[in-house]
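Chain nomenclature is as follows: A, B, C and D, assigned in order of appearance, with residue numbering initiated at 1 for each chain independently.
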Amino acid sequence: MLEKYLYTRNLTLSIVEPLQIEDFGVQAMVDVSPPKWHLAHTTWFFEEFILLNNKPEYSPYFPYTRELFNSYYETLSKPFSRSKRGLISRPTVSEVLDYRQAVDEEVTNLLNNNDEVDEKVYSFIQLGIQHEQQHQELLMTDLKYNFSINPLKPIYKEMSGHSSLPRLKWYDFEGGMTTIGTNKKEFSFDNEQPEHQCFLYPYSIANRPVTNGEYLEFIEDKGYETPTLWLSDGWQTVTEQKWNAPLYWEYVDGNWHHFTLSGMKSIEKDQPVTHISFYEADAYARWAGARLPTEQEWENAFKNEAIEGTFLENMLFNEEDRSEKNVFGTVWEWTSSPYTRYPQSARPEGALGEYNQKFMSNQMVLRGGSCASPRNHIRLTYRNFFHPDKRWQFSGIRLAKEESAL
Amino acid sequence: MLEKYLYTRNLTLSIVEPLQIEDFGVQAMVDVSPPKWHLAHTTWFFEEFILLNNKPEYSPYFPYTRELFNSYYETLSKPFSRSKRGLISRPTVSEVLDYRQAVDEEVTNLLNNNDEVDEKVYSFIQLGIQHEQQHQELLMTDLKYNFSINPLKPIYKEMSGHSSLPRLKWYDFEGGMTTIGTNKKEFSFDNEQPEHQCFLYPYSIANRPVTNGEYLEFIEDKGYETPTLWLSDGWQTVTEQKWNAPLYWEYVDGNWHHFTLSGMKSIEKDQPVTHISFYEADAYARWAGARLPTEQEWENAFKNEAIEGTFLENMLFNEEDRSEKNVFGTVWEWTSSPYTRYPQSARPEGALGEYNQKFMSNQMVLRGGSCASPRNHIRLTYRNFFHPDKRWQFSGIRLAKEESAL
Amino acid sequence: MLEKYLYTRNLTLSIVEPLQIEDFGVQAMVDVSPPKWHLAHTTWFFEEFILLNNKPEYSPYFPYTRELFNSYYETLSKPFSRSKRGLISRPTVSEVLDYRQAVDEEVTNLLNNNDEVDEKVYSFIQLGIQHEQQHQELLMTDLKYNFSINPLKPIYKEMSGHSSLPRLKWYDFEGGMTTIGTNKKEFSFDNEQPEHQCFLYPYSIANRPVTNGEYLEFIEDKGYETPTLWLSDGWQTVTEQKWNAPLYWEYVDGNWHHFTLSGMKSIEKDQPVTHISFYEADAYARWAGARLPTEQEWENAFKNEAIEGTFLENMLFNEEDRSEKNVFGTVWEWTSSPYTRYPQSARPEGALGEYNQKFMSNQMVLRGGSCASPRNHIRLTYRNFFHPDKRWQFSGIRLAKEESAL
Amino acid sequence: MLEKYLYTRNLTLSIVEPLQIEDFGVQAMVDVSPPKWHLAHTTWFFEEFILLNNKPEYSPYFPYTRELFNSYYETLSKPFSRSKRGLISRPTVSEVLDYRQAVDEEVTNLLNNNDEVDEKVYSFIQLGIQHEQQHQELLMTDLKYNFSINPLKPIYKEMSGHSSLPRLKWYDFEGGMTTIGTNKKEFSFDNEQPEHQCFLYPYSIANRPVTNGEYLEFIEDKGYETPTLWLSDGWQTVTEQKWNAPLYWEYVDGNWHHFTLSGMKSIEKDQPVTHISFYEADAYARWAGARLPTEQEWENAFKNEAIEGTFLENMLFNEEDRSEKNVFGTVWEWTSSPYTRYPQSARPEGALGEYNQKFMSNQMVLRGGSCASPRNHIRLTYRNFFHPDKRWQFSGIRLAKEESAL
């Protein structure tokens, strides 16, 4: 457990290694947080749930931490205003790194001293690791957004590597009763529990995500100008935000380019389209004569797939290496399922009840992980969720159909 | 059919009978429409879908009607800005009533001339009737909102009548496979179709809606000040809107009152709480140690109930007459189900594809009809839907539980 | 005095004579008020300042009047929210007309009963008449705005008549000490008082306002796209509001038209440009190599001109009849003077202190009256004032220069 | 000239010396700019107006500089969005310091090489120095605002020193013709020119600014809750912004404190009140039975005063050392004069025409300099200007009266 803890904590540091101090404070829109805040908040999580609960003599490293680095746990304290996270120059980056180190030492001592460690501590450490993994993904996506609005178009890291998506095929499923969710001993979030039964009608699902080339056809067919392809709230968003392409795309000198963590690049037609909102995914599917899968259809379809693909550790944020069978990684896949409670599920007590369940309105489920997800963070039953207009995650489209395409 | 048509058209006129001309133009918030607009829009629906499609010689009564009184059918024309419906003094009320009469005459002629009427015309008349019934309900709820912001607190109609809700009990259901939705020959909306199978876990559901008295306990227990009771988006709404009670409630001289269509009245503790958002319904249920039912649980529970209760025709908007078995009417009941597509359902072609399906995001399903719903508009399978923060409908709460309360 | 009172009260009624009841309630933007509100507010003014102060037995006609029809006199009561004046359907138009009549009868009785009338009452009646004249102008300009947003483009009144503006000439003035403002026995507002000395440098002023034709040259020379012509706040307004022509102008089928109280009309090149903001007037003057006059320069230049021209009573809102010497009427003329206090001026006590002086920030002075000003309301020393971005008044441009154009 | 240039450039660096790198990027509201931006923008000014115009071989140090560090000169390029200055992490602080040094070397070479330097170059260097001095003041005030929103309340520098304001007295002036503005050979901005004649009525002016103690009486007398004391736009601001004290004041444990560049401090009653908007200054003056002076009255009153007092170089941002005669420094003094053009003044050509004159609407003149103004930047005729709701400058109140208080 200690090894896993330290591995995760160090992976976070390696993510921010290419940054300048100035990069740590930026919050370019309210949805993202500054890198420094991510570093501090993930540390606060261990301090709050492990150290303060288990070390009677421990007092917070920074006196103001409990407000400043609390994200949204109203049970614990009044969180500092989310929209102002980018305005807080102190504590400095160096002070936050010291904070990380001090908490790491305390946690290490705790874990090395077996007397103090009970099952509950282990389970919170486990949760804290999973929590930090989620923030590793957000660090990457937030950083990308922050860099994108700078006219210098800073480069996080030069990356190379390339492989093409296979030809589109459809996998058919008969439906009937199936098992969704998990009761396994291995870690899972409360929103994936419990394992439960669900009835499905026959359906087909695509063997791979939609490509940039396919999405370009939608754009060129005036997809963004055709209101009948869109959900009503989606069309309002398209109109207000003046969307005409995925986030980060720019039409320059007669060609589509997009901002990547390696700078501005040409669009590669055989790679998966990403930085797509649910509204765009839904409109594209309608245009393509298909639909998005429900999360149950998705989970049922890929029950036996290995968790293989392009993940955070590959540091390939714009490319991919995927055989036909790689259904995990590269891009999150929007489902048609609103994020709601599973039948029979229980709500954890205290602050942890706020972790997942209070977001169960107005958000849509995404499945499968992305190129920014840590590899061992992703599971078949993992449910990611975002509001339907959000585009700054590595989010893409997998098509489904009611009946076999054959 | 003609009889039903004329009955519906006249019922609409009887609703606006107590109004002054000045009342017809008001739009007190963007969600509501002025009564005059409702009168014109429901007429436009028949003109657009029946007369223009079936009478080659027919030209629109007002040349500008197709934009001005189109609500949201982008397929047909560019609808006039929704937020400005209250700023349009011309055509006058009297001109709009003439418009109604002219269209009614044309439709009557059409229906009396059997040669011209095929099945498709009948189905559009049917749809137009259902559509007008929906606007009858909106006329009542919009009117109530418009009046409520006037410091004179105008009275629509004096009403009386009173009866108490029964004691709270729980009905238990075993779950298993059940049939949801409808394929019946009788009219239903596309969003209720098709009949399909669904698997339910055991659950219990309350015999009646939550009362004002019960909801007051939630208020007095600081329900509106306790963030952990709320969904995250709901808590943000409570904070921004400074909600501390249902819409229309005012605390005056030490007692709660509410604005009704009969003016300001004291809160009656044994009547159902209404003008509640989904967020409030969800928070109340959590506080009460229960939850909201899914729409499938609701439909399964009340399969055999008669469609009896207090409806529009009763003109009792603040009271009710309900035996323990009256599950329909009085207040719509929020379910925990986001409004989504039923499996295997098809999307109607053309403008009708916009009628229901483009709203399938960010909205929640309500069931059972209200005191403002026309009686023969309501069905077991009927799905109403609103965004989770909306409160100006007659919307209330029915509780459910995972397991038997016994 | 009674005769003047009744004349003014009746003139107001004659203005609204062409309206439908539906027109009386509309407030198409926050700056305008519904006609019904103007009718009630001007009546409230007499009730509040004359009847309630001088008739001990008098109680308000409507109990809620003091809030609902108070505009901005915080000294008296909490005014009803300005932005919601268009949402108040009750009292009805007919009830407001009854209110007018009842107050008129009371005032008539008062004035006929000499015992009750002292100097102070006369001075308030005088003020109330001037106040109602101001609202007569607003009635016209607000009505025009309300009609303009209706796609039916309603016609208030067909008008005809036409005459051209003379050729541009410059009048030169030597400057030196001059007398500004007034101490005269005849009525004037506190903001025109007292008569005081002021030192002017030599200047020239145009013999007539800028024409539509001249303004078109500014548009065609990309005046609206050239930031260096504009004040900084003005350029921000142009950009945000997407201004590219005066208010009410529309480019249709290759020609500029504008909405008038007689409907949509072609632009007449030899008539004065109007519905211009201060920002546009200032930018036009800079483009033309001139500047706007100060209010002192304006007043000094036209000291000996007769108060002749096109006024409200002419009912010619789009045309004019002006010889070279008509400097009054037709369009208000923006000056370069911010609206501030005259030296040595006193602030009236009580609510009247709020009448003019609390608006002395962020507004610019206009001079000369317009086609919507009652003829005997306008004086040489009259100071009108609006925020620099406002365009719904009949406001135009008169140029000035530092030195003689000769 | 070179000496003065280098002195000014170094003074800027000494201001930011106590900062951490993280502090350089913060923009806590749209009115302020990040310290890094000030460092770069002042350098860009010399690069743009001196180097690019006079060194044919010179190309910009950063290719993107002309947009990124242009403030508002539309003549030159499209300035980068003002509200996003705090989101630009690159170039880094160190790169910006290198940029400063490179430009300083080029300017030094230019000035040392007499052949290249004509009168115009000297005048632009002179202007660039004055420009940088203005940004030195903004650096201090922006920094203070940035720190103030951080719950850690960072300390810029510990400061001490204290002295009391003298007893309030009135200086009387007879008025008559006076000379305002300047034609002097020494540097002045175009908005101070030309020297011109002006007629004044008799007035009195206070010997010192209003103190915290006096302002507290206004607060305690419900000044912030009394609408009749306020200008209309001011009252709207008070209501919307929920103002109840000057900016930075907090009521803690029964006493008023304020945030200073030395952290949170108790209010000292005998020091001048500061961080006051024009609206507050105007309301206070009305409450005190006085008024604000016009800028002409102010300038006429202090024609013979030495430019002595507390300035930037004193590094005493919360205290002061002022004899009765010190009218300059410590706090800017709001006048009742809107910022407008002086008679006979000319507009500089090209980009410099944008320097001052495009701000001549909606702003009020302040006089006298503050504790954050460089000492040799301030003149008798110096006109500072801000919108009337701005409070983050060191702005205070000096009272005037129409007539002698004797």
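Just so it is clear, a residue touches a chain if its C-beta (ideal position, glycine included) is under 8 Å from a C-beta of that chain, and two chains touch if they have at least 3 such contacts.
Chain-to-protein mapping (UniProt): A, B, C, D = Ergothioneine biosynthesis protein EgtB.
All figures in this text were calculated on a predicted structure; none of them were measured in a lab.
Greatest Cα centroid separation from chain A: this falls to C.
Averaging C-alpha coordinates per chain places the centre of chain A 46 Å away from that of chain D.
Chain geometry summary: the mean Cα position of chain A and that of chain C are 58 Å apart. In chain A, no residue touches two or more other chains.
Applying the touch definition to every pair of chains gives A-B, A-D, B-C, C-D.
The residues of chain B lying in touch with chain C in their complex are 20-28, 36, 64, 67-68, 80, 84, 86-93, 146, 149-152, 154. Of all the residues in chain A, the ones that touch chain B in their complex are 72, 74-75, 177, 196-201, 227-228, 230-235, 278-279, 282, 336-338, 340-341, 343-344, 353-354, 358-362, 364, 388, 402.
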